[in-house]
Amino acid sequence: MDTRSLAVDVRAPSGLGRFGEYGGRFVPESLIAACEEVEHAFRDAWADPLFHGQLDRLLAVYAGRPTALTPAWRLSAELGITLLLKREDLAHTGSHKINNVLGQALLAKRMGKQRLIAETGAGQHGVATATAAALLGMSATVFMGERDIERQELNVFRMRMLGAEVVPVGSGSRTLKDACSEALRHWVSSVEDGYYCLGSVMGPHPYPWLVREFQRVIGDEARTQCATELRTATPDFVVACVGGGSNAAGTFAGFVDTPARLIGVEPEGGAAINSGLPGILHGFRTKVLQDEHGQISEAHSIAAGLDYPGVGPEHAYLADLGRAEYFTVSDAEVLDAVRRLAKAEGILCALESAHAVAWVLRAVEDGEIPAGSTVLLTLSGRGDKDMHTLMELS
Amino acid sequence: MDTRSLAVDVRAPSGLGRFGEYGGRFVPESLIAACEEVEHAFRDAWADPLFHGQLDRLLAVYAGRPTALTPAWRLSAELGITLLLKREDLAHTGSHKINNVLGQALLAKRMGKQRLIAETGAGQHGVATATAAALLGMSATVFMGERDIERQELNVFRMRMLGAEVVPVGSGSRTLKDACSEALRHWVSSVEDGYYCLGSVMGPHPYPWLVREFQRVIGDEARTQCATELRTATPDFVVACVGGGSNAAGTFAGFVDTPARLIGVEPEGGAAINSGLPGILHGFRTKVLQDEHGQISEAHSIAAGLDYPGVGPEHAYLADLGRAEYFTVSDAEVLDAVRRLAKAEGILCALESAHAVAWVLRAVEDGEIPAGSTVLLTLSGRGDKDMHTLMELS
Amino acid sequence: MNALETRTRETRQKGRKLLAPYVTGGITDDWTDYLRAYQDAGADLIEIGLPFSDPTLDGPTVQQASDRALSRGTTVDGILADLAKLDPAVPLVTMTYANLVLRNGADSFCAALREAGVSGLIVPDMPVDEVAPLSEAAARHGIDLVLLAAPSTTPDRLRVIAGHSRGFVYAVSLMGTTGEKRDLPESGRALARSLTELTDLPVLVGFGVSRPDHAAEAARYADGVIVGSALMRKVLDGGRAEDLRAELADMRTALDAIAD
Amino acid sequence: MNALETRTRETRQKGRKLLAPYVTGGITDDWTDYLRAYQDAGADLIEIGLPFSDPTLDGPTVQQASDRALSRGTTVDGILADLAKLDPAVPLVTMTYANLVLRNGADSFCAALREAGVSGLIVPDMPVDEVAPLSEAAARHGIDLVLLAAPSTTPDRLRVIAGHSRGFVYAVSLMGTTGEKRDLPESGRALARSLTELTDLPVLVGFGVSRPDHAAEAARYADGVIVGSALMRKVLDGGRAEDLRAELADMRTALDAIAD
């Protein structure tokens, strides 16, 4: 495909995996060889039509791709815009995470690895990893903060049903960032047969690049779908929520060479781009929430999947360049957005995805999105996992 | 489409909605006009390319159709057969119920009705109805037994988030059959603006026929997909679980004119075809679980969506004809099937759907399905809703 | 002409408005006492519900009554056996759902009714389109199969219903289930009038006739009334036969006042 | 040559095996007492951890120590201020993660180390590929930036690491995090041997050196050992400076026995 090779060439990170001053490979020496092995395997696979064939088939016949592009009919009419929803909530396991995980699992298999290692916060990436492992006959070890295990009991059970081992992480804040640290630690001791299957466009090179490439299917599909759905062929705005930033990166990848304004939406309490400072965490340089001493802060958002103090390096770079813009929304706006989308369109989206919806609602109100605009919004996942949270709040 | 018109002609119920000696319209006189109105509207709509255009577009851009046909690679290898899974679990709201509901909601709208009335057991049909109502700007009133409300708290909350009114039913066994009765009662008093959106191939004529037509998209798609996926073009076995029987009826509709053996799988504790006797319930004649006095028995299955003492009249007819065969599986086999499918394929299916899987597992073992056979199995829904049940059992 | 219809026509002939109270069979040990009380209060015929597990046309009161009767172990056979012991002065009409009627076949069901001294049958979920086999069986055993008409019934169908009904025509006064109402539903009036124009069968109005003034009002445009939930509410609340008699007597008085 | 490397080379020159104990800065109020105890027990240099919230290369013991220090309000500035008050007889080497080093820029960080009397720095998540700017800053301020090599490091990279490391080379004995081990990991031996062939810098083995016999064994193929978790475990369990001194003295004895 044209766009695919174009993007690899034009936007593959330079040198040591740099996106401008961000990215890189800040890992213990013990992990350097493993990162290089992943990088070489990925370069090789990504240039191999056979690999693409395998992956594309899995995405189609297993994960349910292409996902639909749904015009939000009633909301569009209310808002006076044309709002299109890219429905990652319809993908197998309920979010875009499966795109990345199928790619990495196939890659791991190609590398001869038997075991997937993953971190998870809300459990979505963990469930996706457990799923891919089951599908390909591999084993999976998922690290999850003790606090998240309590909050997301159901996803823990799903992972175990799928045959994965879920390892509670009791250190630090006992949430995603600690699960990430623990997964890295575990990877050090198991590089032989273990493959670290990272859940977003973060971590040491080549992960931010590789995960974006596996997620660009969102943007590529949406690009094609917009071309039939919109008179203007490309939308005026392309909006996605940003935790680590993988659904946004995958979406943006399809539109970075168009005039569309690219908008990433962060949670107010976990806005690495809006409130973070350059720093190094989990193997890469990026904008990170940290105190004046350089200690990493905890992120606090109603959406567990956005509770990460850092952000993918490419986003930090796009923000500095001004090519993408990043805004924040509050938990209250997010809750309102979930309800409005449910009532207007019959779609219960994930709290994460609702960040993007919330921004659109506000931006139409304050004129940031002019009447008559066309807006593509990636609905990264479904809300089933959040029903307990919503119930407790209502 | 050819198959569509063929099936309507050949297999539309005769006269008063009879499938052999089953079916009919055993409703209070007060509802006769309403049933006739639905029948005429449906005949009119189903012959109208514009209606098909609207519905097909909703199914595609909103509900995520066509759903994937997934080869169960690892399970097939283990079993020595070719097992293909029709993935209704990937449809919006998580089951095949959305196919029917979108069709009926569009029909209701066309009839000028503003309100959908529905019964629900596990809540899947209720959620689907609430979804369609939200999408089309209608209101929804969903009747649900008090016992089911307790068991399926999450789905109740989902319906309310979607703007539906959920009405607890405290009579009788306080489960699906009572919700059905209450929805019928409510319909009587609101035929003016209310449309009764029935959840399966049951109820008075034209519902068993109409719901099957709205569900035949499963079978039609699978037929086409099998043609590319299988060397034999059509599978040797077509298997689906049977509660009311809508996913099975929709699936069978695509294969009734092929040599495929059609297999419906009932829960041991709710096997209307295997253990029921002819009788009349909820407006139609069928096989019904009942005691020697003619009082309706409660069905008991681990899958709430199969907890119905009757079955669609077409299934009773196909069973008598021998064109389809109906088997039962136990709750224990179902639990085992859920786990095996999860571990082998990374798919957590609904307990309802697992009935079909359980039968395939057993039928391969006891030689009913010979080695080398090709099997199409409709996975009617995803298992998220069942995680609590599974957790409590493990 | 069978016993039921003979009686209903005769009564109308005499200028008397028909009063048809309802009781759920087997609701208490001594439930037949209610029948005697109804008779004493001036009932012209008595409707006896054979309780069904899933009474889709009944509102909460009759549902509850059916549940209570069933949970006491009540069966159709038991009720008919109780009835067979009586020697009522008025016709007995059973009312039940299709599944119970067809359980052992319409013929044996009607034969059993006849044997128990029942002369009429109402099956609310068996509309005229589906009724042929049961009609024949009923006719064979001298049972009048009473059909229902509803406000939503088209003129064409009214004609068919009126033509096939025996004993009387049951005019369902409202679009809804059985149950007490504050006001007598208006929709019954037009229905009863249409029926009266189509047939010379007596037309009785039922559903929502809850108080003497309701009865009186309905009797202005129909040949009589059927009273169910208002009485069953009292039974469920522990009312004794004497209480029910008094209740019904007030209805009788109201009806007789009209007839004068 | 800076102070640290001068000392490590001299010590080796004397035939003495280097003993480098570790302590997490700020772990207790009087944490610098541990430094004195280490010195008394015969440490040749002392490694001081500047606690970071997310120590990805540390096992449970050092993680816990870091958490405890941080929850006491420990900061890098505070630790350096404490160190500045000391006049240690052995070189001090700080060990911390990249984010703390770069927070206010590598140059000001190294300047602050120097001011506090620190002569070496270890940054485990800053591999040689990323190290250039920090190397330069360290050199400017006379700080020896010690690089780590791991069992998975390729021969080519070993050469580069050895070429860029200052003070000594830190041979990570195993593929894993810091932490006590029952047996000394075997993988350290080959690594230390390879390094010794590539460089004349002293090579110290760390990770998993938990007991005197481990130290002795490692010292057979390396120039010395770094002991961390085994000591920090004692500190976390409430061990006083004297206890730590005794513990380390045993290691010293074991090492000296080898050197003889």
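We call the chains A, B, C and D, going by the order they appear; numbering starts again at 1 in every chain.
Going forward, contacts are C-beta pairs under 8 Å (C-beta built on N, C-alpha and C of every residue); 3 or more make two chains touch, one makes a residue touch a chain.
On a predicted model such as this, the values are computed, not experimentally measured, just so you know.
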- line: Take chain B away without moving anything else and the assembly reads A, D | C
Statement: Computed over C-alpha atoms, the centroid farthest from that of chain A is that of chain C
Statement: Taking each chain's mean CA coordinate, chain B and chain D are separated, in whole Å, by 67
Query: If you average the Cα atoms of chain A and of chain B to get two centres, how far apart are those centres in Å?
result: 35
Query: When you draw the chains as points and link the ones that touch, which shape shows up: line, ring, star, complete, or other?
result: line
Field: Interchain contacts (touch definition) - all pairs
entry: A-B, A-D, B-C
Query: Residues of chain B touching chain C in their complex?
result: 16, 24-34, 171-172, 177-178, 181, 184-185, 188-191, 278-283, 288, 290, 293-296
Message: So in the complex, the part of chain B that touches chain A is made up of which residues?
response: 60-64, 67-71, 73-74, 87, 90-92, 94, 130-135, 137, 153-154, 157-158, 161-163, 338-339, 342-348, 384, 387-388, 390-391
Message: So in the complex, the part of chain C that touches chain B is made up of which residues?
response: 52-60, 63-64, 67, 70, 75-77, 97-100, 102-104, 124-130, 147-154, 157, 161, 172, 174-177
